[in-house]
Amino acid sequence: MTAAVCPGSFDPPTNGHIDVIERAARHFGEVLVAVTANPSKKPLFSLEERIELLQGALSHLDNASVSSFDGLLVDLAREHAATVIVKGLRVPSDFEYEVQMAQMNQVLNRGLDTMFMAASPSWAFVSSSLVKEVAHHGGSIDELVPQGVSEALRRLSES
Amino acid sequence: MTAAVCPGSFDPPTNGHIDVIERAARHFGEVLVAVTANPSKKPLFSLEERIELLQGALSHLDNASVSSFDGLLVDLAREHAATVIVKGLRVPSDFEYEVQMAQMNQVLNRGLDTMFMAASPSWAFVSSSLVKEVAHHGGSIDELVPQGVSEALRRLSES
Amino acid sequence: MTAAVCPGSFDPPTNGHIDVIERAARHFGEVLVAVTANPSKKPLFSLEERIELLQGALSHLDNASVSSFDGLLVDLAREHAATVIVKGLRVPSDFEYEVQMAQMNQVLNRGLDTMFMAASPSWAFVSSSLVKEVAHHGGSIDELVPQGVSEALRRLSES
Amino acid sequence: MTAAVCPGSFDPPTNGHIDVIERAARHFGEVLVAVTANPSKKPLFSLEERIELLQGALSHLDNASVSSFDGLLVDLAREHAATVIVKGLRVPSDFEYEVQMAQMNQVLNRGLDTMFMAASPSWAFVSSSLVKEVAHHGGSIDELVPQGVSEALRRLSES
Amino acid sequence: MTAAVCPGSFDPPTNGHIDVIERAARHFGEVLVAVTANPSKKPLFSLEERIELLQGALSHLDNASVSSFDGLLVDLAREHAATVIVKGLRVPSDFEYEVQMAQMNQVLNRGLDTMFMAASPSWAFVSSSLVKEVAHHGGSIDELVPQGVSEALRRLSES
Amino acid sequence: MTAAVCPGSFDPPTNGHIDVIERAARHFGEVLVAVTANPSKKPLFSLEERIELLQGALSHLDNASVSSFDGLLVDLAREHAATVIVKGLRVPSDFEYEVQMAQMNQVLNRGLDTMFMAASPSWAFVSSSLVKEVAHHGGSIDELVPQGVSEALRRLSES
């Protein structure tokens, strides 16, 4: 049984993120969603909120769990005996950057492979940052994110 | 146990192909290498030769087998109960094309997901067509392809 | 009232083509769909068939017409007093190629501008060549092309 | 008569921006240049200055006007009954990002289409940020921006 | 004194080719323009014609010469004691392909480096194939190619 | 004898940087490594440290020297009578950005040409920022950077 890690900042999780995690969970024995504790950009949602939003959106998956990490992904993978990193790719330039990460991770741990999944056409244009920008200006993003995220964004823009 | 299909024309197989298949075989229960019977360009090696070259280079893998296919990949996957297609990507533009294939395959069979693996840096520049061109002009490609392929190319250029 | 030309080989037309033409027809006074008589690759459908398939799929548009051309697009545009070329783009590499055509066309006729529209997410992965390949192998492409095209492809693969 | 919106931060406007607006104004009945009030990066020129610089450079166009916006582009378009967004693209990666915006805007307002125009070869390498950097170090950018912008940059670097 | 090779099929040479060769000749002691004898696509102009067209367009350069090659570029470079390959790049996807060639050439001869020069903005959209297509349909390409090429294309389209 | 400039922020220098400089020094009479005094992002290492790290890693090259610059690269090149800028490219999107810089520099000084060299496959995924991130989290980057850089990073993460 292969264990896979799905890393990301998930600020906030979108339907595209959930779709990739669901598909990974069909093919791997276990999927650990790993939330970056300190992403390079200051996040809109706290680490706790991002974990909670993911847990809400993934409650239907028996073999998926959510945790945080603050260090090297290779260390997290080793701790959880995961041998695969799964990354969703939305656009070609994502690939360019993620390949560098994948190759670096292979240098740090030769047994750890990265597998990329293409976002579904319906979600390929949905980035977390675009979702935040639209929601901030009062646009409706209900069809683009899990219900819990949509509600959380609404609470934020009303406060 | 997840079964995966690695499709390609493998004309001829390179070290980059073998590397991706080896890595896929570490993470999936079974890997079926599927050789395109009739690739769009007329192949240098016959279908039988390409299968034999792959079998020679993959004999150390217990859970990998080689077969041909001439039709839709989704049909082949269904016959072998494979739920994952594994494709190696060498360059960003590979990604652009393969994503279209992956999305088309999802339309044809929603349960069939494509996972991409980046070629190792050492093999990212090694394409089958470049290997053939160099070998045709007498250049040495011994470090870039399995030994069997290197010998087969030498026989061809001597004949 | 601005007249626009939508050039292409349309071998066959897909839902993506039709979507771009429909959207162009909303914003320009007149849209002339210009079918390449002699595309660089030998087409599956004859010029007459391709024109007929387009006319069938565009019959609901009052301000769109279909014709063929065999020469320079700038000459066709001049004859029809069109000042805009509209091209749908599916993937970033389309852009790279089409920009060169657009800049060449500006050299040949400074008053002729090219405007690009991005394919809808649902059709961005649907190319004419992929559609032909899937249909050839008996896959269902009913959701991806106009009904007339779907029937024409079925007739071809049965004959 | 179709009304089009040309959005941007224009910090400062370059010859490339002016060229795209001029070409848009040839094909659409009305062109509204919409200046982002609060761009993501702190602008060098204030909103008022950017509007003034654009008005100076566009005074020869009868059907172009300049205004600011601070919200969703779809809302601005609705207020002005514009049905087209026109964006200039300088490089392939611009396309990748702008397609996501275009598809998001279609989700928010199905009647609003984005049309892309390629920058003229002479201006494709001229970005606002590169212009600012060169001017800051005393390089001459007179051939790359409207005269008013050139003077404004000179005043800044002298102060 | 460093000798450089500028390889290509030059079918026909364009102003972009000449510009890159001129700039290379400013920085290297000697520039050998190497014309592919048997390009993958059947050329419009014979090898002799392509060499003659280049010689005509480069007669003002003291340190440039033209020859043909039919084999590996690394062998040609070794024969002429050239240590640099110079390639012009018109678009980002050129880079992707040419990097693979450059890395392969380094495997075949570690002392041989490839240096890329970006096409001038005025010529980046001018490819040999686009020039042939426009000329074939009677369009004027006089501003895009050397005078000798322009005349040769005219003779061809009149015959 | 041609003099070349290799500009960069080198925060810190990697094996990829050193490899490009070494290869440039084989083909040009003199190579001036020019360290950006004030890069757009706040550097981890001071200007003095970055110069020292480079000098340590380049001590085996007779014709390479290191200096800083804070202004326009064209001015630095003019002062040192350099006629070539050499830039290493790691990924296709580097090319897109650097071409704009190269074309801008040609506008500012027509005699100054930029030549691009592709990173060796072994170093193409090694960016300064990725190296800093891995080192910060205690990962080993000894194989990816010169020894002096590796030690400097270790000192930083221990302090």
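Worth pointing out:
By written order: A, B, C, D, E and F. Residues from 1 in each chain.
The definition used in the following text is that contacts are C-beta pairs under 8 Å (C-beta built on N, C-alpha and C of every residue); 3 or more make two chains touch, one makes a residue touch a chain.
No experiment lies behind these values; they were computed from the predicted model shown.
Of the chain pairs listed in A-C, E-F or A-B, the one whose interface repeats that of D-E (more than half of its contact pairs identical by residue number) is A-C.
With centres set at the average Cα position, the gap from subunit B to subunit D is 47 Å.
Rounded to whole angstrom units, the spacing between the C-alpha centres of subunit A and subunit F is 34. Under the contact definition stated at the top, the residues of subunit A that touch 2 or more other chains are 91-93, 96, 99, 103, 121, 124-125. The list of touching chain pairs reads A-B, A-C, A-D, A-F, B-C, B-E, B-F, C-D, C-E, D-E, D-F, E-F. Residue ranges on subunit C touching subunit B, taken from their complex, read 91-93, 124-127, 130, 134, 137-140, 143-144.
Residues of subunit D touching subunit E in their complex: 91-92, 121-122, 124-125.
Subunit F makes touch with subunit E in their complex at residues 2, 23, 26-28, 83-84, 86, 89, 92-93, 95-96, 98-99, 102-103, 106, 111, 113-118, 120-121.
The touching residues of subunit C, counted against subunit E in their complex, run 71-72, 74-75, 93, 96, 99-101, 103-104, 107-108.
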